[in-house]
Each structure stands twice: as structure tokens, then as C-alpha cells.
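In the two complexes that follow, subunit A is the common piece, with subunit B as its partner first and subunit C second.
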Partner chain A sequence: MTVLTSRRMLGRPEPWVFAAIVALSLLVQARSGQFFTGNNLVDLARALIVPGLFSVGCMMVIVSGGIDVSFTAIASLAMYVTDKVILPEDYGGSVLLAYAISAGLGLLMGALNGVLVAFLRLPTLIVTLGTASLYTGLMFGAFAASASGVPPAIAAHGKQILFTAVNNDLGLTSTMPVHVLILAGVLFLVFLLLRYTMLGRGIYAIGGDEAAAERAGFNVRAIKMFLYCLVGALAGVTGIVRISMIDYADPSSMLGMELTVIAAVVLGGTRVTGGVGTLTGTILGVALMTILENSLILMGIPTYWSRAFTGAIIIIGTGVTARQIGLTRRRDRALSTPSKGAQA
Partner chain B sequence: MPESVLKVEGIAKAFGGVQALKGVSLEIGKGEIHCLAGENGSGKSTLIKVISGVHEPDAGTIEIEGRRFSRLAPMEAIALGVQVIYQDFSVFPNLSVMENLALNMEVMDHRVLVNYRRARSIAAHAVSQIGFDIDLDERVENLSVADRQLIAVCRALLQDSKLIIMDEPTSALTKREVKALFAVIKGLQSRGISVLFVSHKLDEVFEISERFTIFRNGENVASGSTRDLDRRTFALHMTGREFADESYRPAAALEAPALSVRNLTLRGAYANVSFDLAPREILGITGLLGSGRTELVETIFGIAQPDSGSIEIGGKPARLRSVKDAVRAGIGYVPSDRLTEGLFLPQAIERNIVVAVLERLSGWFGVLSRKAVAETTKRWIADLAIATRDPSLPVRTLSGGNQQKVVLARWLANDLKVLILNGPTMGVDIGSKYDIHALIRRLAAKGLAVIIVSDDLPEILACASRIVVMQNGAFVQELNPASTTESKLGELSTGVA
Partner chain C sequence: MTAIGAPAAQRARGSRDPNLVRLLVMLVFVFVLMTILRPAEFATLADFNSMMRQFPEYGIMAIGMSLTMITGGIDLGVVGTANLSAIVAATFLIGTVPVGAAPAQVVPYLIVAVLLALATGLACGAIAGTLISRFNIPAILATLGTQQLFTGIGIGITSGRPQSHLPLLYSKIGNTEFLHFFPLSFVLFVVVALAVGFLLSRTRFGAYVYMIGTNAKAARYAGLNNASIILRTYMISGLLSSVAGLIMMARANSAKADYGAPYTLQCVLIAVLGGIDPNGGFGKIQGVTLAILILQFLSSGLNMFNSVSNFYRDVIWGGVLILVLVFNYFFSRRANRRAIREAS
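So, the complex of A and B:
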């Protein structure tokens, strides 16, 4: 049984992504001597929060057999409307209100995706490309968005830290923001959702075979509707996390992140064709991408190279997964062709 | 007949203007294995969907264990013990065996949370019912088609089924898997569960079922005991046409060989195969899977390269290093799995016909002549009687038999010398099958040299002018179809004799 289990483990992408992270960490440590320092690890954790939050929703949509490219636009518009339109400039109350408003706005925007995908049965890529454009356009057009400050409540929330790591060699300090707890909480709740609720298993079932899910009695429309609303609300929360961490509401700073996030999710073993994906793999994928981007600086490689490296990782990482699927298919075909030959 | 579990009377159902069912009846006894047969479009699937509550009938009654309904909801049908195993099995390839078995039941029970311990015990109980030995933690996508089907069977049994409807359950199984499935079906029968077995394969109908019902064009044409049925009446009921037993002899004396194969060897597949094939001849090759028959014809088509030996075409040595070489030499090959290997399903019928001859149909600078395409298409659609009203429709819209004709048309458009057919009527309904056989004979009579690889023995006997039996990569016997019988051929090809 244990042999079988370990064989099964090696057939999965997570151990390989983990191995890549370890190898990369050791390489950076050898080159710079600065990888396994408190402040670098804290910086990495900090950099992982926003893409990590995005990736959770993104993974769920891909598992359900869809793809979402609108979550960064939702996050941007939701946080901007919350920050500039709804909350007064000198708002000093609870930051939870800001989260609630932004999550609510995100949920509404996600609901539009949901209606178009679940009820009108439009292709998810087209729908979310469209709504992404719509939301971005609204933000810059109707709300004439431009970079601006945040109310005191959000600014104060951004300064809440768990602990500080000091690097005496370089005289650097890094702080761990409380937002990391939000990521941890979201991961925990989504883990429970996906593993222990019929709703969560329904998401996997739909991604595996939508017709079969319908025949089994799953309410496919309701599940999809729920999913897109949830992903929208998560994006809204992520928007507030982002602006409080950088103490600045920049409407365009998250736009474009969606491709890296999707790449990280796929790198973490989520199948683009749907049905398969884990939170562990997703977070490992995001961690690998984050470490890669941050480590280039440590190794003294100019930052513009980071895009090239990111691109290479995407091609290699997703390529390996795609090839594995291709090989499995071919094996399936090789197995099934003779079986068809036998029954004429 | 014992008391009936299902009694359907006067069911009618129309879709748009099309009357799919015109008042059909069907009665299945308790513990009976009943076969529902009919060609594509005869209304079999519609009736299944009426019984399982997917479609609401326009007229008629459904009686399940004495309770009468004028219509059923899907959940009602399941609660009454009616389970359908669809052709695609409706399994979740990405989930474990355990979840596949347990999920449907959990959804039915309106569970909100997943309890893996309960799921495991449900799954273990499900597989134990038919003694199915399977790893519950394996992902279903890693299983064979037969195992996936058994999972669907186990899942159906969980719901306290009284009637299990299997929609063409054998269409993707090997012979051995079919045997195993039949054993499972007999096991269900011994527990008092009735099985409605939907098929258009005669052999299976004879082997498994006690009684049968045949539909044609949405009407009952025959029903009764399978014992009273024979091949010819079965075909007559299915198609409404009389078919004589056909055979083929080349009309004129044989000319010089179109294809000569000498001592051809492909290690691990076949060795020292030699034969000549003249125009107007149809060579039937039969033998078990793994006898090397497919590898042999694929070598002649340039897909595989032989280790030794030679091939001559029209008396000249030919080196077939690729499919392109073979096509140029005038060889055509129709593979067994036409759906994945032979056709561009979403593309238009006409494009599929002309794809191999684009060069010939194009003029200056390789611009395709629309007129030439239309003429070629029209000619072959008429010549092969492909049933379509518009050649610009996707091939997908055609029935299996007509799709197969499109594959043939493609090759014939290319001035063939040798045509190789691998399982030419696999998965094709009876009417089209006879049509295709007649077509093959007609093509050969006009001067084509044809090779048919098939383990459909009646097919070989109906078409071939010479038969060779392959075993373990060698030709073991050559037979004259006029002086052999199906049973003798069967013994030889399976090596039982």
C-alpha cells in the first residue's frame, strides 16, 4: 500500500514543484548567501499574499472546467469604488467595513460572470475577457480612476504587523503584515469547501464531466453561480489587501497579474482542461513564481530578465504537464484501439 | 411470461415536426434479459429517455411493477428502480472510484457535507455486489473502458434497481470484456433484476437475451423469443429490406498482380509474409488481435517500415517510406477507428472527400477550383449513395455508415490501385453494412484490388474472393470462401481447432 501511495505521489505534480522550489532556494542561497535569512523569507511571504489569494479563486474556476481572466479587474474596480466612491476620504472606522463593501462589489461583478456562464452557457474565456474589459473601462471612464491615497482606516490596517525580521548583515528589516492571516484563513475555508462539502465535490464533478454531474443530480447552474460569486468576492477582498499593504490605491497595479497567476496555478498541477487541481499545488506554484521573481534581484540579475525567466518557467512547467496529459491520452488510445478491433 | 417489471404501451413522442416514436410498446418480465434492437434513428434512445423520465411522452402509459404513469420525472424513475447506464457511462474521470460510486447516492440523499468513511463503505458495498475487484482510490481515468462500465453497473445497483437499461454497452469493449460483462448481466438476472439491453449487434442479441423487441422508424416491427430469430429475419426486421447471402467472385480472369508482397517481416509483429493480389480480387485477412494483421496492412500503407522483405506495386519494386509514398503509389487505407483516424468530424463532407486530392483540384498558384471540388464531391456522393442533403454540412452529422462512405470516397477520388479496409463496417448498422459490402464488391469488380481485414466472419465471407487466416504473425491457411463456413473459419482464426 505504501509503495502504491508513493508511486501515486510521484505521478502528481506537487512533489516536483516542491523539488524545484528547494533547488531554486539552494541555488540562490549558494549564489547570494541571502536566501535563508529572516528578512528574505518574510519578504517572500509578503509578496506571496496577493497572488496567493488570487490563485485560490483562479484554481477553483479552472477545476470547474472554465477559465477566469477578470479577477484582477474585479479586484481593481471593487477596491477603487470602495476606497474613493463609497468610503469618505477620512474614514477611520473598522477596516472590516471596507472589506465587506469591496467583497460585496466583487460578488456582484462575479455574479455577472456567473449569469453569463451558468445561465447563458457562454464560453468562460470570452465572458471574462469581456467583463474584464468592461470593469476596467468603467473604472477609468465612469470613475476617472487615478492613483490616490487611502483612508486612515485602511492605512492603519496596512501597518498592522505580526512581527519584524531584521537582517543585521545588510541592515534590512522586513515586516510580516497581518494580511498573511487572511490568506491562511481563505486557504483553510476553501480547503474545507473543496474537500468536505458536496458543493466543493460538485465543482470537481462538473470539471470532470458536466453532463454526468447533471445526470447525478448536481445543480450545475447553482454551483457555477456560487463559484463565480465566490471568486468575485475573493477578488474584492484581495483588492483591499493590496491597497492597504502598499498604502496606496493604484487602479492599474493589479491589472496584468492574471496571466502570472493562471500560469502559477497551472504550474501547480491544475489541469487546464478542468477536474484536477489542489490548493497545495496552487500555493506551491505561486511560491515558485514568487521566489523566482524575487530571487533574481538577490542574485544580481537585472529585473527585466525576470519576465523572460517567468516566461520560460511557464513554458517549461505547463509544457511538462501538457505533455504528460498527451502521453496519457496516447497510452489510452493505444489501449483502446485494439479493443475496438476485437468486436466487429 | 412471469409478471412484468415494465410495461410500456402506445408511447408516442415527437420532436419539432419529427415523430420519433409512433405508439410503441415494450414489455419486460421480472428477471428477464430483454434486447431492444433497431437501427440508428429507430427510436430506441428516445424510448429509453421516456422510461427514465428524461422525455415526457406525448401519449401512452408506462407501467412499472403494476403502477401506471403517463409520465415520469428522472428522480421518480430512479426511485422506482429504473437505472440507465449510458454509452458514456456518466462517470467522473477525474475522481476516484470511491467517489464515483458514492457521489450520486449522496446527491440523491441531499447531503451537504462529505463523509469519506461513509463514502468508502458505500463504495465497498457497491463493488462487492458483483464481486468487482478494484482499487477504490484509483482515479477512474486510469481504468480501462470495461472497468469504467462496471463502475457504472455497480453504481446503478446501489439504488435498489429493478430494471437496468444498458445503452449499447458493448460498443467499446473487447470480446473478452464482453464475455465478462455478460457474466455480470447473468448474475444480475439471478438476483431477479431485469436488464434491457440495447444493441444492434446480432451476435450479442442471440447470446444474451431471452426475448427481443425490434423498432424501426419509431414503430414496433417484431418482438418475441430470441430462439425463434435468425440472422436473416433479424436483418429484415431491422431494415425492412430482404438481404440475400452474398458472395464475391472476380468476373474475368485475373490479370497481373497489382500488389506483391515477398517475405515481409516486421519484428515483433509478423514474419515472412508473402502474397499476390490482382485487380478485381478481394483478399480477406482474419485472425485474432495481435496476430499481426493490422501491422501488416499498416506496413503496406507506409506507416511502419518492414525489417526485411519487399513490396511490389504494379510489378515494380516500391519503397514505401511514408504514407505519402504509399498514397502516391495508389494505395488507400481506411483504418478501423474511422472516427479518430480517418475523418475531420467538424469539417464539411465535401472537404473531407477532397482533402487527399487537393493538388489535383487546384489550378494556378495552388488556388482551389470550387467547381472541381463541387464536381468531385457530387460524383462521389451520388456514386456511393451518401445520404446527405448538403455536402457542406459537417461529417459529424452523418450516421456511422455514411461516415465510412465518406472515408471511402476520399480514397476513391484519388485513382486507387489497392484499397485496404480495416474493419470496414465496425460500429455501422446492418443496412449500411450491406450497402458497404455491396459497394466494396462493386469497386473490386471495376478493377480495384482490395484487402479487407476483419474479424467479422460473415463480412469476410460476403466480400472476399480469397481468405487468409493470420496467427502469431504468419499466414497459417488460405481458404476459398465458396468451400468454407463461418464456424470453420472461426475455429481457424481463434486457433481452437
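So, the complex of A and C:
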């Protein structure tokens, strides 16, 4: 029994991603001696928050059998409109209002994706490529967006910290922002959604086999509509997290991040054909990508090559998972053929 | 589902292709609209000449992209491939051509540079095609990865700087005009469009491409070597991208890793507008060519309104893409119903 579970564990990607993280950490530690320091770990956790939030939504979309490249555009436009258009420049009230407005705007933008994907059954990649272009165009065109400051409420929120880590050797300090709790909260809620609700199970069912899910009584349209609205709202929240953490509203700082996030989600074992994916794997994937990106310099890779490096990671990561799927399928076929023969 | 219905209905009503008719009507509409709005500038001979210099570079990429979309895939790496090919050619020229060489001496270098660029394009296409056909990575992810990889390699080689100071002869040849009116790039586009059109409609390979796009499994059981055919379509797409890269290099008189970033979306838009089914199996090069012209008329016309920010172009491309998808959805649903009615 225990043998079986451990073997089953090794068939899953999560332990491997975890092993890769450990190996990479040891490598960086060996080369720089600065990996396992309090401030480096806090810095990594800090860098993980925004991609982590994005990856949760991205994972759900890929599990449902789709792909979304518009979430960074949604996050950017939602936070920008909230920050510059809706809230007054000297807004000093509760930051929750900023989150609510941005989430609402994100939800509306996600709803457009939802209508096109769920009701018109259009290909998700092309739809989200189109809406991403629409939203970034609106942001730079209609709102003439440029990097600008944030209202006091958001700035103050960005300075809320949980604790400070000090590196005595280098004299560096790093602060753990309160936003890490938002990531934890989102992870917990999405965990409950995916694990214990019919809606969450529906997302997996659609990704596994849409026709079968429909026959089994899942309302495929409603589930997809809900999913894209949720992902939009999450992106809106992430937008505010981002600008409060960096203390200014930069409309283009999140654009382009979607590829790394998708790569991280796929690295974490989410099956690109849908139906399979876990939050644990996703966060491990994001952690691996974050450590990789932050350690390129420590490992001696010149910054100009970092993009080629990301591309290679996407290809290797998806290649490995695609290969695993192929092997499982072949094994299933090998197992099922003789049993059919025996019946005959 | 709906996609299969549409061409069935087309066939039932004879050889006249309603999609081409629709595109022609749209082309005339945009043309007339722009002529009325901007009679002094639009549709003058000088304007036609400048348009003929603009569309071939993305038009040739769009044809490559369309080819891969007909197989049911997509090539999001076209722009990365184009830039990398141009960078390879430019780096070669800058590194080898002696300073102050006479034009006659430069010619052999130019030939080698062009061959190197084309070989790079073929190699890029072969990488993408191998990932998709042998490793079974979904085309979307594989080419998202190759786009990052190729752009990243380009940045790495050039340290992110433009490769300029090319031999003057290159851009001189690149900007040759036949009959003092038709730019070389336009002639190349016509040759490519005719060649790919012939390949798709008159050769066995073309028929296989459509078969794989319609039903890959059926094609395999019919004895087709799917992997080899898919590999070849991506290699053609890579080759065409490198041609586009050479044209871009002649126009800008330099090569850079991030030229033409918006072309990816524009190529998807052109393919979908031109009647290529994103699910594969349907679409013609004639339609794609008409779509290229429609887009060029729109974009040239918009250029003549100084008040329209360049960023609105993103809004327009994104918006048009979604509108066309929605329109095609309702159109094919209606055609589908009609086909069912006629059949019963």
C-alpha cells in the first residue's frame, strides 16, 4: 500500500518540481552563499506574490481546457482606471474600496472573455489575444496611461509589513509585505472552491471531457462564465496588489508577465490539454520560476539571455509534461488491450 | 461542429464562395469609405505605392501563420523567427563585409547572408514543428515558447541593440522598384501568395494539410504521416517568416530583436478575418490576401487622421478580431441550419 502511494507520488510532477527547487537552491547557495539568508528568502516570497496570484486564475483556465493571455492586460487596465479615473488623487479612505472597484472592473472585463468563450464557444487563445489587445489599447489610447503615483490610501497599504528580515553580513533588510496574506487567502478560498464545490469539480470535469461533463449534468456555459469572471476579478485584485507594492501605477509593468505565469503553471504539472492541475503544483511552479529569474545573475547568466532562458524553460517544461501524458496514455493502452483480449 | 457545417452549405450552393464575396464587399466598403473621408490622400498613386511597401512584411508572415492554422495549429513564433533571421544575416554582414568594399564585392556576401537568414527561418520552423509533431506539445504553448526563445536569442546575440550599418547595397536592392512602381517586397509577396495558394489547392501536400486540420486521427488512419506533414508546414512558416524578416531589415536598414511586435496579433487577425478556421481544416489563401488588403486600407486610412493615437490601433485590431469571430459564429450557425433544412 505504501509502496503504491509512493510510486503514485513519483508519477506526479509536484515532487519533481520540489526536488528541482531544492537542487537549485543548493546550487545558488553553493555559488553565492547568499541563498539561505533571511532577507533573500523574504525577497523571494515578495517576488512570488504577484505571479502567484496570477497563476491561480491561469491554472483554473488551463484546467478547464482553455488558455488565457489577457489577465495581465485586465489587471493593468483595472488598476489604472481605479487608481487614476475613479479614486480621487488624495483618496485616503479604506484600501478595500480600491480592491473592490478594481475587482469589479476586472470581473466585467473577464465577463467579456466569458461570453465569447462560454456562449459563442470561440477559441480561448484567439479571444483573449483580441481582448488583451483591446484592453491595453484602451489603457494607452483612451486613458493615455503613463506611470504615475498612487493615492495615499494605496501607498499606505503598500507600507504595511508583517516583519523585517535583516542580513547582518551584507547589511541588507527585506520586508515581508502584508500582501502575502492576500495570496494565502486567495489560495485557501480557491482550494475550497476546487475541492469542495460542484462548481470547482465542474471546472475539472469540463477540462477532462466537455461533452461528458455536459451529459453528467454540469452546466458548462455557466461554469465557464463564472470561471472567466472570477479570473478577471482576481486579476483586478492583483493589479492593486502590484501598484501598492511598488508604490506607483505603471501601466506596462505587468504586461508580458503572462508568458512566465503560463510557463510556471505548466511546469507545476497543470496539464495543457485540461482536466489536471493542483494548487500545490502551481505554487511550486511559480516558486521555481521566481527562484530561477532571481538567481540568473547569481548563477552567472547575463541578463540579456534571460528571455531566451524563459523560452527554453517553457519549451522544456511543456515538453516534459506532454511526454508524461504520452507515456501514461501508452501505458493505459498497453494495459487495456490484453484485458479486452481476455474477455474475447 | 459549426465549422464543418459552413463549408458543407457552401458546397451545396455551388462553387461561389460566400466568404470571398463577403471579404470583397468589405474591401470595397473600406476602400470607398476611406476615399470619401480622405479624398486628397487616400487611393492616390503615391498612397498605393506606400501601402505596397507596408503590407508584404506582415502579409508574408500571415500566410505562413495561416498555413499552420489550417492544420489546426498556430505559429505564434513568426515575428521572433523573422527578427532572428534578420539578426543572423545582419550580424554576418556587419562582421564580414570589408569596410569600403565595392558593390560588386559585396554581392557574394549578400547572397550568403540571405541564404543564412532563410536557413535560420527553416531551422526555427523545424524546431517548432518538431516540438509539436514529435513531442506532442500543443502548438499554442510550443510556439509561445519558441517566440520567447527566438526573441531571447536575438536579444542575447545583439545585447538588445539594433544591428545597423549594413552595406548600403542591401537596402538599395531591397527597395528596388519594378517598372518604377512595384517594390521588390510587393513582388515577393505576390510570388509567395501564388506559391502557397498553388501548394494548398493543387498539390497532394496541400490536400494532406487540409485533411490533418479537419481530422488528424482520420488522416493518420488514412495512412498519412501526420508528423512529417506538420513539421513541413512549420518549416514553410519559418521560411516565410525569414523572408519577412529580410524585408523588414531592408526597410529599417537594420535588424533588432523586437521589431514588429504587434504583427503576431495582426497575423492571427488576418487569418481569422480571411476565413481560416482556427480549429483547422478550412480557409483559402485568396481570403487571406483579401484580409491583408482590408487591413492595409484600414490602417493607411487611419494614418491619415492625425488625431487617432497609435494605441487605438490595438483597440481596433482587437475589436475587429472579436467582431469577426462573433460574426463568423452567427454566420456559420445560420448556414448550418440552412444546410440541415436542405438536407431534410
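The definition used in the following text is that the second predicted complex is superposed on the first by the 325 of 344 C-alpha atoms of A that agree within 3 Å, B and C clash if a C-alpha of one lies under 4 Å from a C-alpha of the other, contacts with A are read in each partner's own complex, and residues count from 1 in each chain.
Definition applied: a contact is a pair of C-beta atoms (placed from the backbone, for glycine too) under 8 Å apart; a residue touches a chain by one contact, two chains touch by 3 or more.
What you see is a predicted model; the values in this text were computed from it and never measured.
Trainee: Who does A:Tyr196 touch here: subunit B (first), subunit C (second), both, or neither?
Mentor: first
Trainee: Counting only touches as set out at the top, which of subunit B and subunit C does A:Ala212 meet: first, second, both, neither?
Mentor: In the superposition, A:Ala212 touches subunit B alone.
Trainee: Kindly classify A:Thr310 by the partners it touches after superposition: subunit B alone (first), subunit C alone (second), both, or neither?
Mentor: Only subunit C; A:Thr310 stays clear of subunit B.
Trainee: According to the stated criteria, A:Gly275 is in contact with first (subunit B), second (subunit C), both, or neither; which is it?
Mentor: first
Trainee: Would you check which partner chain A:Gly171 touches, where first means subunit B only, second means subunit C only, and both and neither mean what they say?
Mentor: A:Gly171: touches no partner chain.
Trainee: Please work out whether A:Pro88 is in contact with subunit B alone, subunit C alone, both, or neither, and reply first, second, both or neither.
Mentor: The answer is neither, since A:Pro88 touches no partner chain.
Trainee: Which of the two, subunit B or subunit C, is in touch with more residues of subunit A?
Mentor: For subunit A, the partner with the higher number of touched residues is C.
Trainee: Give one of first, second, both or neither to describe whether A:Gly300 is in contact with subunit B, with subunit C, with both, or with none.
Mentor: In the superposition, A:Gly300 touches no partner, neither subunit B nor subunit C.
Trainee: Taking the superposition as given, does A:Tyr204 touch the first partner, subunit B, the second, subunit C, both, or neither?
Mentor: Once the two structures are laid over each other on A, A:Tyr204 reaches subunit B alone.
Trainee: After overlaying the two complexes on chain A, where does the subunit B footprint on subunit A coincide with the subunit C footprint?
Mentor: None.
Trainee: Taking the touch rule as given, give the residues of subunit A at its contact with subunit B in the complex, in rising order.
Mentor: 4, 8, 195-201, 204-205, 207-209, 211-213, 215-218, 271, 274-276, 328, 333, 335-344
Trainee: Which of the residues in subunit B come into contact with subunit A in the complex?
Mentor: Interface residues on the subunit B side: 75, 86, 88, 90-95, 99, 103-104, 106-108, 111-114, 135, 137, 141, 144-145, 170-178, 289-290, 294, 336-337, 340, 422-423, 425-427, 454-456, 459.
Trainee: Using the touch definition up top, name the residues of subunit C that touch subunit A in the complex.
Mentor: Residues of subunit C touching subunit A: 74, 131, 135-138, 140-142, 144-153, 155-156, 159-160, 265, 268-269, 272, 278-279, 309, 311-319, 321-322, 325-326, 329.
Trainee: For the complex, which residues does subunit A have touching subunit C?
Mentor: Listed in rising order, the residues of subunit A that touch subunit C are 67, 116, 120-123, 125-127, 129-142, 144, 259, 262-263, 266, 272-273, 302, 304-312, 314-315, 318-319, 322-323, 325-326.
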